[in-house]
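The structure that follows is given in the form of C-alpha cells.
Which chain is which? They are A, B, C, D and E, in the order written, and residues in each are numbered from 1.
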Amino acid sequence: MLSGAVRRVSVILWRKPGLSAGLLLAPPLGWFLLIYIAALAALFISAFWTTDSFTGEIDRTWTLSNFQAIFGSETYRLIALRTIFMAAAVTITDVILAFPFAYFMVRLASQRQRVALFTLVLVPLWSSYLARVYAWRLIFAHEGVLNWVLHGLGFQSIEIGYTNWAMWIVFSYIWLPFMIMPIYAALERIPYSLFEASLDLGAKAWRTFFKVILPLAMPGVVAGSIFSFSLTLGDYITPVLVGGPGSDFIGNVVYANVGIANNVPFAAAYASIPLVVMGLYLMAARRSGAFDVM
Amino acid sequence: MNGIVQQQVGTEEAGLAEEPVIVRVSGVKKKYRDVTAVDHVDLEVRRGEFYTLLGPSGSGKTTTLRLIAGFEKPDQGLIELNGADVTKLPPYDRDINTVFQDYALFPHMSVAENVAYGLQTKGVPKDECKERVIEALRMVRLQNFGERKPAELSGGQRQRVGLARAIVNRPKVLLLDEPLGALDLKLRQEMQSELKRIQAEVKITFLYVTHDQEEALTMSDRIAIFNHGRIVQIGTPTDVYEKPADAFIASFVGTSNILHRHGKRFVLRPEKIRIAPLGQLFDEAGLHVEDGRILEAIYVGMFTRYVVALADGTEVTAVRQNFDRTTARFRDAAGTTVQVAWRPDNLFELQ
Amino acid sequence: MNGIVQQQVGTEEAGLAEEPVIVRVSGVKKKYRDVTAVDHVDLEVRRGEFYTLLGPSGSGKTTTLRLIAGFEKPDQGLIELNGADVTKLPPYDRDINTVFQDYALFPHMSVAENVAYGLQTKGVPKDECKERVIEALRMVRLQNFGERKPAELSGGQRQRVGLARAIVNRPKVLLLDEPLGALDLKLRQEMQSELKRIQAEVKITFLYVTHDQEEALTMSDRIAIFNHGRIVQIGTPTDVYEKPADAFIASFVGTSNILHRHGKRFVLRPEKIRIAPLGQLFDEAGLHVEDGRILEAIYVGMFTRYVVALADGTEVTAVRQNFDRTTARFRDAAGTTVQVAWRPDNLFELQ
Amino acid sequence: METKFARIALAAWVIFVLAFLFVPIILIFVYAFNASNIQSWPIPGLSLRWFVSAWGNQEIRTALGLSLKAGVLATSIAVFLGSSAAFAVHRFDFFGKETVSFMVVLPIALPGIITGMALNSFFVFWGLGLSFWTIVIGHATFCIVIVYNNVIARLRRVPRSLEEASMDLGADAWQTFRRITLPMISTSLVAGALLAFALSFDEVIVTTFTAGAQNTLPLWIFGAIRLGQRLPEVNVVVLFVMSLTFLPVLLAYKLTNQAGPMVK
Amino acid sequence: APAAPNYPQTIGKGEGALNIVAWEGYAEDSWIKPFEKETGCVVNRKYAGSSDEMVTLMRQGGGGEYDLVSASGDASLRLIYGGTVQPIDVKLIPDFENFVPDLKAPPHNTVKGLHYGLSYEWGPNVLLYNTDKIAAAPTSWSAIYDEQYKGKVTVPDNPIQIADAALYLAVKDPSLGIKDPYELTEKQLDAVVALLKQQRSLVKKYWALASDEIELFKNGDVVIGAAWPYQTITLKAAGAKVADTIPTEGATGWADSWMLSAKTKHPNCAYKFMAYVSTPAVQAQQALYFGETPANMKACEEMDKAEAGSCAKYHLDEATTYIKKIKFWKTPQKTCSDGSQTCTDYSVWQRKWQEVKG
C-alpha cells in the first residue's frame, strides 16, 4: 500500500524532473533567502540610518553620514587597512606553512603517516579556539615561554607580546588547518604523471614547482585563503586577547558599535568594507575553481 | 636466455645491424616491495629503430620504460644512453623524452605553451623556440591549435600534442607508453600510420610499449616480448609471429593452433591452413592433408574464420580471405565435411 | 531513407523475418540544448536477434540505447516494447535490462547481492532468488565469486557480473553499451565468444552498441549504422560490409578502396584484390587485370597489407593472406611492379 | 623523485609545523594541572583540584550540554539542507545554479561578525527572542556549506550509472535512494557532519550574537577567561573535549578517504 | 521614555531561573550558590566588561533576555531613558533602610522619585603598581603618563577612561578650566585626547578584561596601570608583589545599582535576588571579594568579622563623607549641568577613544 504510493510518486517525479529539482531546492533555498540573505540585506539597508546614542533608538532617515564618518576619519581608514593587510599577511604565511606540509602528506608520507598527519591537523579544531589563543599569551609574555627559551639559548629576550606581530603569528596559527586541508585536496588531484612529464622535459624541481605544481594547486590555495582571509577579516577576539595598542580590527569597531554602543547602523556601514572585500574575493575565487576543492 | 642470439638475428634481418646502439639496458632488476617488476632485463636499441616492448598486463613493460626515462632507479644493472652510463642521472639530465599514456599535458597551459615547455627549460632563444614549436605542431597536423587548452581537444588531438611536446626537443630516444591505448579503434589505426610517418620524418629512435599484438607487428622493427618481468623473446615481427620461442608467445602474439604430433608440439597459424571441399584437390604439391568437419563459420568481413574439428578430435581455427562476395549463407558451411591442408614447413616446433 | 527497404532484406537474410518485433523505435528525436543527439531514428528489433548499433563517436548510439532503457525521454517519437507504448514509463517499469559500459556494479554489495538486486526489487521469493542468482553466476562462470566485492574482481570478471545481474531478470531485451570497450584486446576477444554463447543459451534479444566494426561483424545478426544522429544503413554484416550504402559506411566498416571509373564510384575491398608478379597469369577466368607498383608492404602476421599504385595513379590497398612463412624480406616487395586483378562483380557501385 | 635533501627539508618542515600547531595545546594540557589560577611561566605548581572543581561545576555541564544539543541539531539541519542542495545542484540544470554554491559558502566566507549581526537583527525584527533555537539556526546556517561541499564532492565521484543501473533493475526513486545513493554518500555525510559539528561546537562570534542568556561551552570559556579566576578549569574542559573527539576526527578522515572502490 | 511602575504586591514563588548581566567578580559562587539553594532560582551569569556592553546586552533581542543588570552610573540613565528597565518597589527590600543616605535615591538611578535601581556597591578606580619594580609608592596619576614606564603601562580599554585623564588634567593644567571630568567642552576634550594619544606609546596593552590586567602584571609585561581593586586583590592572593593607591588628584569611581529589566521573565527571582544581595552578609562578601564599599551600612560588622579592619579600610565607617571624594561614572551628555549645550556627548567620546587606541 505504502510502497505503491511511493512508486506512484516516483513515477510522477520521473515524468517531471522540474518538480523534483524544485522539491530538493526549496528547503535550502528558502532557508538562505528568508533567513540569511534577507537579514544581510536588511542589515546593510540600516547602514544608511542613524542611532540616537542616548536612548539607542534607530532614526530611519536616509543618510550617508555613517559612510562620511568612516571615510572622513583617518582612524577608521587605518583600521580597515590594518585588517585587510593582516588578513593578507596571514593568508600568505599560511600558504607558505601549509604548502610543504600538504605536499609532504601527498607525496612522501606513507598511508599510515598520512592518516596520522591528517588527524593531527584536525585535532586542534576540536580544542577551544579561545583557549588556544589564550595559550599564546603565555608564550609571548615578557616572562613567558618564548623568552624563557631564548634566555636558555643565550639570546636577548624579545617583546613580542601584545603587538601586531603577535596577532600575525596567532592568526596564522589558528587558521592553518583550514589552509592545509584544501591544499592537500588540490595536490592530491594532480596526476603524478604531470610532475614526471615536467622532469622529463628537462625542468628541475624548482621550475616544476613554480610552473606546474603551484599553478595546478592554485584552486586549493584559493579555497584555503577564503577561510584564512575571511576568518581573519572578521575576527575581533584575537585582537582583544593578544593585540596591543593600535591592534583594533574592523571586527572590533563593529563589535564596539553593535555589541557595546548599540549603534547598529554605524556598525553595518563599517561592516560593508569586509563585505565588499569578501564579495570581490569570492567572485575571483570562484573563477579559479576553488569552490570545487573546498 | 636465447634472447641474445635472436637479437643478433633480428637486427640483421631488420637491416639495422650497422647502426650504433643508442640505448643499452644490461642486467637491470627492479623490485617494488615483494614484487619483482623487472628481472634481469637486457636489451639494445639501435639508432633509428622502432623498438616495441610487448607483453601482457603487469609484465614489466612500463617499469622498464620508467627505468630508462629515469623516473625509477634500478636495484641492479646498468642503463646506457649513447654509450654513456646514465643509471644515476635524474630524468632532466637524460636526453630522452616520453609520451605518456594519459598524455600528461599541463592543463593550465595552452597547446603551444605545452610544446614550448621543454625548450624553455633548456633556455632555447625565444625566436627559435617559437619556430620549433610551429614546426612540431605542423608535424602532428595541429598548426592551428596552438592557442587552445588541452581540455578543448579530442583524445586523438591530445595524443598528438603529447607527441609534439616530446619530439620538439629532438631527443635521442623517444619513449612511448601505450600512447594509443585510450583511443578508439578507428582513431588508433589512424594514429598508427601517423606515428610511423612522423618517425620516418624525424628519424628519432622510438621505444614503444603496447599490449596490442597487431599494433606491435605492423609498426615495429623489432619486438621484445615480456612475461613476468623477463624478456622471453626478441626479434622482428615475422620472427616472433612465425617462430615463437614458446607456447606463451605463440598464443599471445596472434591466434595459434597447437598441434600434438609424434609426441611433439607444433604451432600452426590459422592462415597457414587451406580448406577445400571433400574430394576437391589442392592445387599445390607437397601439402599435408587431413579430413575435418567445420564446426562454425564466422564472418569477419575481410576473411571468414572456420573452426574445424580434425579426425583426431583437435579443434583448429583456420581463416580464409574472402576473395569474393559472401552472403549470409556462408553460415551454412557449419557441419560440412572438408579437407584441410598445410605445408609441413609451416609447422613450427615448440621446445 | 533507404533503411526501411534494406531492413526487410536484412531480416530475411538473417532468417528472422518470422519473429515478432520486440522493440520498435519510431521517429524518435532527442536534443541536448543545441545538439541533436538522435534525429528521427526508426528501428525494429525482432525477438532473439543480436542487433548492433555501430557508428563513430558521438553519432547517437548511446543516446538511442538510453531512450530505449528509459534514462532519457524523447522529444518526439514513440518507443514500443513488445507492442506496448513505453515512451512514458520510467526505467523500472520497462521489462528491459542494461549492461553498462563502466559495469555500474554497486561497490557496497557483494557479487551475489548485485545479481540479486533486480529480483529483490521485484519481490521474488528468497529461495527462488537464491537459485536464480546461482544459475546466472554459473552461466557467466563465476559460481565461486558470489561473496566477493566488485573491487576484488578483474575487469573481465566485473563485466561478467554486470551481465549476470542483467540476465538474471530474464528481460525481454538486453541493452549492452560497449560492454567490452574497457577490456584489453585479448580479453575482449574472449568475452566476444562468451557473449555469443550466453545469448545462445538464454535466447534474449540483445541490442548491442559498439564502435568496433570487427566486433559488430562477427557478432551481429543485423547492424544499424549511425552517423550524425541518424541511421544510415540497416542490414546483415555481409550487407553493410559488402554493399555499403555510401562512402562513409564503406570506409567506416573496414578498410575500403574507392575507385572512380566511367564517372562512377565503386567500392572495392582490399581482400578482393589479387596480386601477382608481372607476367604471371592469374589462375582464374574473368578477372579484370591492371598493372601496378607496390609502394609499401606491411606485415600484419596473419596477412600482409600492400599499398599499390595503379596505372592511373589511384592508390589501393590490397591484402594477402600469409599462407606461408614470411621473412623480413617481404619488405623488399616495395618498389616492384605487379599485376592486380579483381572480379568485376566485386565492385559495388556507390550512389 | 624528490632528492634526499628535499625529503629531509620537507620532513623537517612538517615537524616544525606540527610543533607550531601543538605547542599551545601542550601548554593547555599542562596548565590544566596549574596550582594557581593565573597562567605564568614556569608553572608555579601542580594540582588536580581543577579537575575536581570542573567536574563539580554545574555551569560547565549546562554549557557543555547546550553546546552538544545545539551542535547536534544544527548539524542535523545542515545535513538535511546541505545534502538536498548538493543533490539539486549536481542532478539538475536550472537557472541560477551557479549562485547556489556561491550562496551556501557566504555565511562562512563573510566575516562571522557580519553573519552574527545579520542573524541577530533578523531575529529581533521578527520578534523572536534569542534562545536555544536561534543558536541552532545560526549554527545551521554556516554549517550547511560544510555538508554541501562534502556531499557534492562525493556525488561527483559516484558514477551516475549506478543509479541508472538500480532503476534499470526495477528499483523506483525511493528504493534507489535508500539502497544505492545513500550508502554511496553516507561516508561523506558522516564526515561532513563531524566537521560541521566541530565547527558549531567551537563557534564564538556568531554565537555571541545569537545566544540569549544561555552559555554554550565556548561562551562559558570566554566568560571564564575574562574573569581570570578559574582558567585552569577552562584547560581541563578543553583537555576533556579533545580526548573525547580524537576518535571522531580519525574516523572522519578515514571516511572521507575511503572512496576508493567508488571511483573504479 | 522611562517605563512606568508595575510593582508586584508581594514577592511570589521563584520562577526557577534568573538571567543576570554583571561585572566580573559580581556574581561569585560563594554567594550565588547559597542563593540558588535557598530560592531554587538558577542564576545564569553573563559578564560584561564595560557599561556600554551592559546596555547592549540588556537591549539584546528586543530586551527581556536578561532580568537584572549591575549597571554603573554611566549606564543607568541610558537604561532608564531607553525604557529598558522598570522601577523597583523598595518596600520589598528589607535592607533598603540601612543604605548610605546618599545611595537611597541618587540621581543616577532615581528619576522623578521612582527607584529604577537598587544601589549595590561603590568604589574608586585605583593606581596599581608592581612593588618590586617601583619602590616608592606613586602619588600622582602622572605616573601612567610618564616616559619612564614606556611599554610597561596598562589602562582600561573604555571610553570612560577619558574622564580619568580629564581628572588628572584638571589639576595639572587648571587653565583648561575642567570642573567635572564628565563635562568636557570640545576644547577641553581635545586637550585630554592629546594627552591620551601621547600616553598610547607608553601603553603595553589597553586591558579589556580584568584577567588581562592580572596576567599583564603577573607575567611582568607591565609594572603600573589603572585598575579596579579586584585586580589588586586577585594578584595579591596569587602572591604577586603589587599594591594600589588613590593618587592625590582623586579618583573616578563607580556606584553600581541592580536594575530590573522592563521585560523581565523572572520578576520574583529578581526581587528575591535583590533582597538577598542587599543583606549585610552578602554586601560584605561582595565588598571584600572585589575590593569596594557596600551600600548597606550594616555590613560593617560582617566585614570586620571576615577581615579585621576592613570596614575602615574601605571607608564604610565614614561613608557619608568619603562618597563625596569620588567622581562617580556618569554618561557624558551634550547638555552640561549648567544647562548649556557646549559639552561633548558619549558618542563623541567613543569616536575619540577609538582614535586614541588607533
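In this text, contacts are C-beta pairs under 8 Å (C-beta built on N, C-alpha and C of every residue); 3 or more make two chains touch, one makes a residue touch a chain.
Owing to the predicted nature of the structure, the values given are computational and were not obtained by experimental measurement.
Undergrad: Which neighbours do chain D and chain E have in common?
TA: Common neighbours, chain D/chain E: A.
Undergrad: Taking contacts as defined above, which has more of them, A-C or A-D?
TA: A-D
Undergrad: Measuring between mean CA coordinates, which chain is farthest from chain B?
TA: E
Undergrad: What angle of turn lays chain B on top of chain C when you fit their CA atoms, given in steps of 5 degrees?
TA: Rounded to the nearest 5 degrees, it is 180.
Undergrad: Going by average Cα coordinates, which chain is farthest removed from chain C?
TA: Using the mean of the C-alpha atoms as each chain's centre, the farthest one from chain C is E.
Undergrad: Cα centroid separation between chain C and chain E, in whole Å?
TA: About 91 Å, centre to centre.
Undergrad: Measuring centre to centre with CA averages, how many angstrom lie between chain A and chain B?
TA: 54
Undergrad: Go ahead and note the Å separation of the Cα centroids belonging to chain B and chain C.
TA: 26
Undergrad: Hey, what residues on chain A touch two or more of the other chains?
TA: 10-11, 14, 137-138, 141, 143-144, 196, 199, 241, 258-259
Undergrad: For chain E, what residues touch not just one other chain but two or more?
TA: Counting only residues that touch two or more other chains, chain E contributes 209, 212, 215, 219.
Undergrad: Two or more other chains touching the same residue: where does that happen in chain D?
TA: Residues 1, 39-41, 172, 225, 231 of chain D each touch two or more of the other chains.
Undergrad: Going by the contact rule set out above, which residues of chain A touch chain C in the complex?
TA: Checking each residue of chain A against chain C gives 10-11, 14-15.
Undergrad: In the complex of these two chains, what residues of chain E are touching chain A?
TA: Of all residues in chain E, those touching chain A are 50, 52-53, 55-56, 59, 78, 81-83, 151, 200-201, 203-206, 208-209, 212, 215, 219-221, 331, 333, 345-347, 350-351, 354-355, 357-358.
Undergrad: Chain D touches which residues of chain E in the complex?
TA: 19, 24-25, 44-47, 49, 60-62, 64-66, 209-212, 214-215, 218-219, 234-235, 238-239
Undergrad: Which residues, counting only chain D, touch chain E once they are in their complex?
TA: 36-41, 59, 120, 123-124, 127-130, 134, 212-215, 223, 225-229, 231
Undergrad: Which residues of chain A touch chain E in their complex?
TA: Residues of chain A touching chain E: 53-57, 69, 73, 75-76, 78-79, 137-138, 141-144, 159, 161-162, 240-241, 243-246, 248, 253, 256, 258-263.
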